[in-house]
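You will see two complexes here that share chain A, one where it goes with chain B and one where it goes with chain C.
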Partner chain A sequence: MQMIAEKIKEKIKELTENGKISRVMGWKKGLYGYDSEPFVFENGDLRDFTYDAFSGANLCKYMIAQSKNDGDGKILVLLKPCDTWGFELLDKEHRIKRENIYALGIPCGGMVDIEKIKKSGVKGITEISEKEDTLILKTMYGEKEVNKKDYLLDKCLVCSSKEYKDCDELFMTDLCGDTAEYDRFEEVEKLEKLSSSEKFEFWRSQLEKCIRCNACRNVCPACSCVKCVFDNDNSGVAAKANANDFEENLFHIIRAFHVCGRCVDCGECSRVCPQNIPLHLLNRKYIKDIKELYGDEDEAALLTFTTEDKEPSVVYERGKNNV
Partner chain B sequence: MQRIGVFVCWCGSNIAATVDVKKVAEELKSEPGVVYSADYQYMCSENGQNLIKSAIKDYSLTGIVVCSCSPRMHEATFRKTASEAGINPYMVEIANIREQCSWIHKDMATATQKAIILGRAAVAKVNLNTPLTEGESPVVKRALVIGGGIAGIQTALDIADAGYKVDIVEKKPTIGGKMAQLDKTFPTLDCAACILTPKMVEAAQHENITLYTYSEVEEVKGYVGNFDVKIRKKARYVNENLCTGCGECTSKCPSRKGLNEFNMGLDGRGAIYIPFAQAIPNVPVIDTAQCIKFKTGKCGLCQMNCPSKAVDFSQKDEFIDEKYGAIVVATGFDIITLENYEEYGYSMYKDVVTSLEFERLMNAAGPSKGHLERPSDHKQPKTIVFVQCVGSRDTTGCGKEYCSKICCMYTAKHAMLTREKYPDTEVYVFYIDVRTPGKNFDEFYRRAVEQYGVHYIKGMVGKVYDDGQGHLMVRGSDLLANEQLTIKADMVVLAAATKADESARKLGTMLTASMDTNDFFTEAHPKLRPVESPTAGVFLSGFCQGPKDIPETVAQAGAAAAKVIGLLAKNKLKSNPCVARADSLICSGCSNCEKVCPFGAITYAETDVNDGTVREKRRVAVVNEAVCKGCGACTVACPSGAMDLKGFTNKQIFAEVDAICRQTGE
Partner chain C sequence: MYKLPFEEINKLFEAVSLNTALYVPVKKNDTVVYEKYSENTIYAYDELNTVKSAKDFFFPQVQDIAQFKLRGKSIEIINNEEDYESFAVFGVRACDAKSFEILDKVFLAEPADPYYKERREKGVIITAACEKPDEVCFCTAFGIKPWEPSGDVSVWISGGYIYWQANTQKGLELTGKIKDIFNACEENEIEYFKAQIKNICGKLPFGNLDLKYFKETDEKDIFSSSVWDEIYKGCLGCGTCTFVCPTCQCYDIRDFDNGKTVERFRCWDSCMYSDFTKMAHGNPRKTQKERFRQRFMHKLKYFPMNNEGIYSCVGCGRCVRSCPQKLNIVKVAEAFSHD
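The block that comes next holds the complex of A and B.
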């Protein structure tokens, strides 16, 4: 990874010198080596630039604000394969000014979830370095080596595609790791098998952990409204949702409906959730339903109509088998 | 704050018998904004309307709620009343306490409670109503008729005679439909072709009619007065402009294995063929599945022999885009396939035929040149058994539950014609009931029995089998004599049930015209609007709406034409003011509404947005109000709620739901 990061830096320098870009949206090193965060590098200053096993954050959403002003010149954005899906959605929905962006597709071998490492009992990490698939963890209590593959982010465990969408250039992308063999609908299927009341209990117990920090909404490339209905007093939605203790539940259910048919399954909502609510499962259930009802090919299934579309009664029919 | 008047109608006893109207009026009096409340026997009567008008004046009402029948019945009436009394017609809300309340409930207490809740929801909505103004939209003075059978032809002729342009789209290579295949027509026994072909010719020659044969409707967009239709004109591989219809090609075609559809597959035809002698247009078509040239690349005899160089193997499907003010569906019928009725042996025995096949066997232009002979050995049958209701009135799930309506009469016709031409033939008819309601119908049937000596047997056939000596043994029951009987027959004719044409379902979806479970199109009102679809601008002609004989079809075709003419005669249609609008302050310009809009009413514009804190140019949605039909699809597709429907705003709907869900403490 360090080698890739260096090469990317060289590439950035080249693009900057050629006048193709004025800024870079990338990841900046944190204090401990596992807390890199999105950052805009300006004036060719790439100090603390990193691209490591902890660069899981999808940068595409920042492009809404960063591409707005024509006067700022082009911004380079670094995108992993799954990041490009959200990027493409933002482009399709006219939420970014594509002409002000230079999208560079970069390789990804899966990103690591530091929480998983910490949970395994490793404490006091001070520094992390990588050697192929091995993470060398320097801690206050000594050094430890772990295999990166054992601590991947949930979203990487179900990595379904290494396809890059809507990029201006692909850089070293042949170094991408393999997709996961794990079926991303397996967890959804498990939930589908529950009875209505079990499902209700499951989601109730998950969603009641929500602290309404709005991280899921803010990171979601499909949640890109100028004004969210929950922030719009005039819409009355927020007032309705908080009529009782069901508020958090309704927030997530309404959000799932709003992104239904548009969600690209990037898994960011669950990654950023500080309460570890598996929010992506709500969205993935919709994706599964849409695939089953309208097929794989129909990209805007809920917005288009064809004479072959399922009749609405299908919902009732399916519901009958699953009381 | 609105000043709302509530008017509760008794509808005679229709509502008052199950709903305590006085209590409803009393309860709604205390709803927010309500300043006046009254009940009356017939609110739609002149007295009732005057009651509303004077209340509007006396109490300075700004909005009214009428608790009455469905808005489909009297919403227009009360809107007019309101506007005559000086308030905007869109300040009127109807609470449907008849169809959705009194008619479906028996218990007065619960029905009354429900009526109050429905009234409450309407009051909550009126509180948020704003005055709206109707717009206007132009009418394209051209009609489309889908289907070129007798129904479509008659409708087209009537519209064309009134001076409007009409296009007929027919999926087969010729117009004429099922009627062209019939031999004689009941009850007068005139020859079908003799009365149909003049109409076909008239349609073809009419200056206001354009025929698109071998064509199908591919896509329908738009709305009443302004439909945009894409028509696929399938490649015939024969240039219609060059072809003289000489028939040289059809006689030279070496491939003779095609089944002649017009003769119900009872004889063959070439790969290039004209369906029948009087076909219109008289232009052949190539069956590419059969044609040697298309299959192997070798042959081309038809092209070589064509004196006018009209055969063109490279022809492609053509697409025609046209605008129409009205669309008439005349897709007609077909008969069911008989795989569910193996007991009659249709698939096993050549001499078991359907009635439509029998028509061809009797017809002078048919495979046997009008000499009645059985398909297996071309011998003249001496005993024929007709079986009625094969798949009709069938509640077992194998066939159709409805009565096909035409079979009793055509079977009587077949029986009569057989006895007339071949008096030495014994004719038996198995029936469940003989249904002959129609002018001169029962007389016709009685002639068959009394004058022509046809043996009518009340009962069903259980089995048809071969006796091994070239006879078909028909075993059935005679319910009147209460006995089982077996008839040794030479031929069995099955009155197979009718069904809606297969193209109907797809077309119904395209037109968003509702259909019943049998794929027959639904009429806007079963008694009062029988030739109109509930979808504005779509009209129904003939069998596509339900089983019909020729006289009924022609009558309905004329009625549909009259409705179309009434529409096309208007220069402008009042357009619904309940259309969508986008709030540019909230709109993110994501294009979801544009994608979901079935009418193409939404575009985007870079707009200066100033919400007090942010000033910028943004891409926001703009609704073309003339094109928007107020379906509301965009309002639900919009994630941020920037799209709203005038007259049905999200807030109004929320208010209604809130009012319905409000705890009343009762």
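The block that comes next holds the complex of A and C.
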């Protein structure tokens, strides 16, 4: 990864010198080796630039704010394959000024979830170095080596495509790792097999953990309303608190419906949740349903009408079969 | 000081819960929370901290205040006067125990907040020393000693025993009611264990976090520093850091109108949100940079300016661990210390 990071830096320098870009949205090295943060590098200063096993954050949504001012010049944004899907959505929905952005597709072999490493019992991590697939963890309690493939982010475990969309240039993307062998709908199918009351219980027990921090909404490339209804005092539903113990459940169900047909399954909602709620499963259920009811090819199934479309009554038929 | 074999810890929980409601940290659905003790409770002793802090016990995320009901042409006002039961919280860490002192400065200053005050009076805090501090911990930077946590009672779990020491009148009263379950113990039995924790704390990467800049620089200069322009940009503007924080104390008071009754409630607010401290003219902090700056100015400058130099951070590390984009107060302090 370090070699790739160095090459990306050279590429950035070249683009900066050629006057193609004025600044860069990338990742900045953190304090412990696993906490690289989204950062805007300006004036050609790439100090602490990194692209490592922990650069899981999708940077596409920052482009809404970063591309707004024409006077700022072009910003280069680094996008992994799954990051480009959200980027394309923002572009299609006119949420970004595409002409102010230089999208560079970069290779990805899967990103690591530090929480998974911590949950395996590793404490006090102060430094991490990478050697191919091995992560060498220096901790306050000694050194430890782990294989990064054992601790990938959930979204990477079901990596379904290495296809890049809407990029200005692809860089070293032949170095991409393989897609995952797992079927991304497997978990959804497991939930479908539960009885209605078991499903209800599952989602209640997950959603009751919600602290209404709005991280899922704020990171979501499909949640790009200029003012969210839940932040709007005049909407009557603005809520910093839950009126009852079902309200946060409704918040998530409504949000999932709102992004239904637009969600690109980038998995950021679950990655950012401080309470580990598997929010992506709600969205993925809708994606699966849309595929089943409207076919794989129809990209905007819910925005178009054809006479072959399923009737609303399909809900009852499917309900009987508990799908 | 008393002790009890650690494998009999549920005997201790049982005894305490016979006297008062007891809350214990447990692992539940892939998170760590305080749960009311029942015989099925399994204490998550190897988890350093709960995801949300213990401040919920005294300053809950949502608090009903009053109801307004329309009766013909008059409005009836019903105050929420729920009776709080007495309770004990077990396994609070030294950082959270210190956070209550910070919250006290806000909520117990005259006029004292009656809800908070009553909960504080009814709550017994049983702290636990941190056997294995984590890299995100930096409590020692604020003079906190995780080997000697404060609270009404302190416990140490070491060498197969749980050691129990009452520190306050409340702690002594509780101890008096349950002391039959304990074995006698020498006062110095855990000195070695304390020294061990102290030694580990010396290895905390930010245990001596440099706050000199915030301490010595005029607040106007910090406020207008160009460093803020660089460091806020990754901030999503979510409320995670403020909601997991043990010292964040800002709240909003809102009315919920269901058509017949208006329910007035108080809930946690977050300076990260666009409608925070919104006034008639709008929001005084229009950009995320201003909101981001506010959070750290409050913790590291405004609060100490108004409270004898005490920072409004206890170094629990929750924001370090939970921020979705990995921004946090340590990085802010570091960015300024290199300025």
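One rule holds in what follows: the second predicted complex is superposed on the first by the 315 of 323 C-alpha atoms of A that agree within 3 Å, B and C clash if a C-alpha of one lies under 4 Å from a C-alpha of the other, contacts with A are read in each partner's own complex, and residues count from 1 in each chain.
Criterion: a contact is a pair of C-beta atoms (placed from the backbone, for glycine too) under 8 Å apart; a residue touches a chain by one contact, two chains touch by 3 or more.
Fair warning: this is a prediction, and the values are worked out from it, not measured in the lab.
Partners chain B and chain C, once the complexes are superposed on chain A, both fit on it without clashing. Applying the stated contact rule after C-alpha superposition, one finds that A:275 touches chain C and leaves chain B untouched.
In the superposition on chain A, A:185 makes contact with neither chain B nor chain C. In the superposition on chain A, A:57 contacts chain C only, with no contact to chain B. In the superposed model, A:171 makes contact with neither chain B nor chain C. Between chain B and chain C, more residues of chain A are touched by C. Put simply, if you stand at the Cα centre of chain A and look at the Cα centres of chain B and chain C, the angle between them is 120 degrees to the nearest 10.
Applying the stated contact rule after C-alpha superposition, one finds that A:226 touches chain B and leaves chain C untouched. In the superposition on chain A, A:240 makes contact with both chain B and chain C. Applying the stated contact rule after C-alpha superposition, one finds that A:258 touches chain B and leaves chain C untouched.
Overlay on chain A (Cα): least separation between chain B and chain C is 7 Å. The interface of chain A with chain B overlaps its interface with chain C at residues 227, 236, 240. Across the complex, chain A meets chain B through its residues 68, 92-95, 223-229, 232, 235-237, 240, 258-259, 262, 300, 302-305, 307. Contact residues of chain C toward chain A in the complex are 29-31, 33, 46, 48, 51-52, 61-62, 132-136, 200, 203-206, 230, 233-234, 236-240, 243-244, 252, 254, 256-257, 263, 265, 267-270, 273-275, 278, 320, 322, 324-327, 330-331, 334.
Per the touch definition, chain B reaches chain A in the complex via residues 506, 509-510, 585-592, 595-596, 598, 604, 616, 618-619, 637, 639-641, 650-651, 654. Chain A contributes residues 28, 30-32, 35-40, 42, 57, 62, 121, 123-126, 139-141, 205-206, 209, 211-215, 217-219, 227, 231, 233, 236, 238, 240-243, 271-276 to its touches with chain C in the complex.
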